[in-house]
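Input: structures, listed below.
You will see two complexes here that share chain A, one where it goes with chain B and one where it goes with chain C.
Right, the complex of A and B next:
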């Protein structure tokens, strides 16, 4: 706020009344409560087991004890889990964006016959619980030798994410300016050329949002990767953490270390993608 | 979201009547996805339906059982109670976050953004949204550890402030476990409605609020008569997506409680998983999954038709 506007006085709705400060304080408390679990985890990830048992979970760590994190990293080969998660999530995001564009080009711009029903089918596919597909997929994957491969998970999630992407992109492309398409047609561009040279570049912001969504959703998936990726070298980060959690083999500081290692990539993506995400949620909400 | 189903105008005016010579029909662009969907969604779905009519341990050959699995389901207390827990999860993941999110969004938008600036607002919003970006596997580990009966952080806090009598086995006590899970889910979920509603509030015409201010309307009246009707589309989107997500919950239950103690937090998704992979009653698991799908489709159809009716009434 510039000093000029302050000296003139704020309009009634913009004044920082005691009530407004109280609201701010209440929200600040809420924000702290939301962050508290992260703080506690971070504290304990850096404690020695002795310090933990001596002072309990709430004390501030006396130093940066990195052994717990190191031990956990080596024990589960966390680097390999990160690579698996990245590889699967990026592949799914790229493939699903491509397929979503192809589908929505036919539905939103081509306005092919029966498009409403096609969209309903995609929507149904997207809302189906994975449990209704899991056993047959497990059975089929074993038959064709794809069980316990990262490829199996990539194929399945490409289909699931494409269902949502087609739904969103079709509505976006159905409002695509017709004049631009007409102009490209006049210049003698074929359908594929129009898609590749006109539609894709103009829709790039929405496609970016879709990519981010697909990436994060796939990264966070747990159920199907848990069923399909049983061997250690294929597991993703959430699966490795979730399975270990059930085994109760870890002491408290190592549990915190594992949680911290799970939190870090998510927070990094959050910071990288925050702008795109906020914009994307708007896109998803309004249309 | 759902308006889009009817969005592409049905009028023939825009039909691409003049196809470029030699151009293929637009339908070819659907071929790759069609193949993929037949293999990954359609065939497995039909197979699951077939499995649900059999008795099968997953190894030998399935025995035809007709509708036996479904009749067994009707009298299976464990299934009905798991379905009841699903209702609790809908309250925790859709209803409560929706209400809290609405109030938070309009307070942040009305009070904080206007009086304390966009930066403060963005920071508060980010803090509340943060749990949404975590894989639940990770959030679940954090909470399982905080809520642990001995040495857990929550019980340590209670001890530190002299409320030792309030210490509980939060996730291990059958009477408490479901409420504890609900509490964790509220923490996970409120960021989502908040962000969607704040985005929605940005497109509300400010002159509506100005007119209400001139008439001397209170904050609650403005909230009730302007904010809520204006962002109704967003409210429906949040309600629909969160309700469906709650009914589908698997990882939350798997990581926090494994459905326990004694089935006190079991849900249909996890119950079907148990039957598939732990009890190797594939036919019964398939029947549970089929019923779960049916429930989701019905809930969605009801919510969407409600929304369409509300929109018609507006016009």
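Right, the complex of A and C next:
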């Protein structure tokens, strides 16, 4: 999507119409609105609690108070939480991409019977709120002895993300140029060879996008990890952030500090793979 | 990219195999007490219980306390599932009330502690109105005959006031309701809103309920909280509360624009010196003591009332599947000891079995003495949101209407009655 708009935008850049200026202004305002929460969190992360109580959340910090961040890091053993989150998110992203490719190869290119119904089913499963899933999953996990293990969360989210991935990849692959497949078949390539040597390399940008999305989505998951990872040593970053939410009290400065720590990894990951994202979903480009 | 993907896949597969191995071998030895609570480390309870853990380990050589700090929400949402599994802790802090500890006791997930409580004499340390939230009946309603938890601290509401603002406007600390309203009139005439309020959360309903309590008695509270008789939402107490609350908004005692304010904002506004008074719980006490630097402050109890909001704090409960029940009882016993209780008081908490004589700071001493007066007079009236699940939101919506003036007091009381009676019908009382 974005790559299309960028390439179309370029020639117009030399002579901007009033409409383009209006769009630019609107985008600038939107960017400020989006960034404002980050600014406020950053402000409060570096304030002392007394400063926060005395001057409110919107004041600019007077000094550079790092104790909140340091205390939080030690209190929840944040390094270990990072490792857990990274481990779970990477595993889910890799497994879900592999499964999505296999599924959508069968559905999108293999055109198996009943593919529409399978996709509808996946889509339905995707719209299900996690609160509905929680009890069945809990009893299943308990039965097979996976309750309170990271493996349980990896399996659950691999399934959830694969449902979406299959849906998306199937529609992408269903428009995959038939001529290329024909050519490969003429050359004597089998089904697996076509998948690994032809389909996967060509759809790599899309798979990259899926991988980044799966990683970030899994990273930010709160509810199911909270239910399934009850031991502190298994917890992920968002669950660890929840420790600060008291019954009636909230420590605003430490919560800000922890929120800052919590979003940094996802932002860093996003920046690293930003190019993959903007390349977009362009498998159908061969004409 | 392909290479990187392969490496990642290998990494993931390897790690998966690792975690699968680790999953099976997590059996805990009997020489470990698994303890969960959700009080922050520097709060009164956090400090006192940390000390209790040390004393427990000293008294039980070879036993290690495996403490894990939890978030309130995590325990709230996952407790039934956790306690129904083999990964449950041996002892944990849990929220008191019918919808929480009561519900779990009804489901058979908590240990009935009655025998230990009487054997160890904890029942003698706890005044009746504090013990009420630790005991549940077969339907899971508080005030029953069986102990399913032991509270270690208490909480109650009082008026926090800003001495600097009182001096500035020549207002004396009120001892009667009349003086209280006169004091508020003085502030209003000087353009100062006297009461800090938060309409979007618990403070507004606590003002309202306190007004009702000032015209009520203990049987009234029992009828409302424990379903011992018919509740009339148009009786003298409720009518007075709703009318007075609306009146106070009209007179400017409570700000008209406070309907969307959160409790945190109401507290920080008081700490910033924007309001002379804030009626709220002892849970603010420690934070006010630590963070208010710009003015002197003190507290007084709501004037002219026999009852005020308050109850026991959260409970120590022992899950049914706890493998170390005896050790858990020993731990509770240590937290009930005078030294731990006084440590709790020294850090600004309200101990259930503290001794004011052993507390150094005069303000902390007053906090405990006020509590002991309330407990002795059986004056704790609990909280308005306890009787029915989801009732908190009903009360928030009702008080917001009173603040905004979008519904008459009478209509708001009707709005309270409906879900209350529906809950009664559903639970078969």
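Quick note on the criterion: the second predicted complex is superposed on the first by the 216 of 287 C-alpha atoms of A that agree within 3 Å, B and C clash if a C-alpha of one lies under 4 Å from a C-alpha of the other, contacts with A are read in each partner's own complex, and residues count from 1 in each chain.
Definition applied: a residue touches a chain if its C-beta (ideal position, glycine included) is under 8 Å from a C-beta of that chain, and two chains touch if they have at least 3 such contacts.
Because the structure is predicted, anything quoted here is derived from the model rather than measured.
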{"item": "Touched partner set for A:230, first chain B, second chain C, both or neither", "value": "second"}
{"item": "Partner, of chain C and chain B, that touches more residues belonging to chain A", "value": "B"}
{"item": "Touching partner for A:79 - first (chain B), second (chain C), both, neither", "value": "neither"}
{"item": "Contacts of A:145 with chain B and chain C, given as first, second, both or neither", "value": "second"}
{"item": "Which superposed partner A:91 touches (first chain B, second chain C, both, neither)", "value": "second"}
{"item": "Which of chain B and chain C A:20 touches, first, second, both or neither", "value": "first"}
{"item": "Partner chain in contact with A:58 - chain B first, chain C second, else both or neither", "value": "first"}
{"item": "Chain B/chain C common contact set on chain A", "value": "56-57, 227, 239, 242, 245-246, 252"}
{"item": "Residues of chain C defined as touching chain A within the complex", "value": "1-2, 5, 8-9, 11-12, 15-16, 19-20, 22-24, 38-41, 43, 68-74, 77-78, 81-82, 84-85, 87, 95, 202, 263-264, 268, 271-272, 281, 283-284, 287, 290-294, 314"}
{"item": "Touch list for chain B against partner chain A, complex", "value": "1, 3-8, 14-16, 20, 22-30, 32-33, 36-37, 39-41, 43-45, 47-48, 51, 58, 104, 107-108, 111-112, 114-117, 120, 123-124, 126-128, 130-131, 133-146, 151-153, 156-157, 160, 187, 195-196, 199-200, 202-203, 213, 233-234, 237, 244, 247-248, 250-251, 254-255, 258, 268-269, 272-273, 276-277, 282, 285-286, 288-290, 292-293, 296-297, 300"}
{"item": "Residue ranges of chain A in contact with chain C within the complex", "value": "49-50, 52-57, 75-76, 87, 90-91, 94-95, 98, 138, 142, 145-151, 154, 201, 204, 208, 211, 226-227, 230-232, 239, 242-252"}
{"item": "Chain B partner contacts - residues on chain A that touch it in the complex", "value": "1, 10, 13-17, 20, 23-24, 27-28, 30-31, 34-35, 37-38, 40-41, 56-58, 99, 102-103, 105-112, 115-116, 118-121, 123-125, 127-137, 139-140, 155-156, 158-160, 162-163, 166-167, 170-171, 174-175, 178, 185, 190-191, 195, 216, 219-220, 222-223, 227, 237-239, 241-242, 245-246, 252, 255-256, 258-259, 262-263, 266-267, 269-270, 274, 278, 281-282, 284-287"}
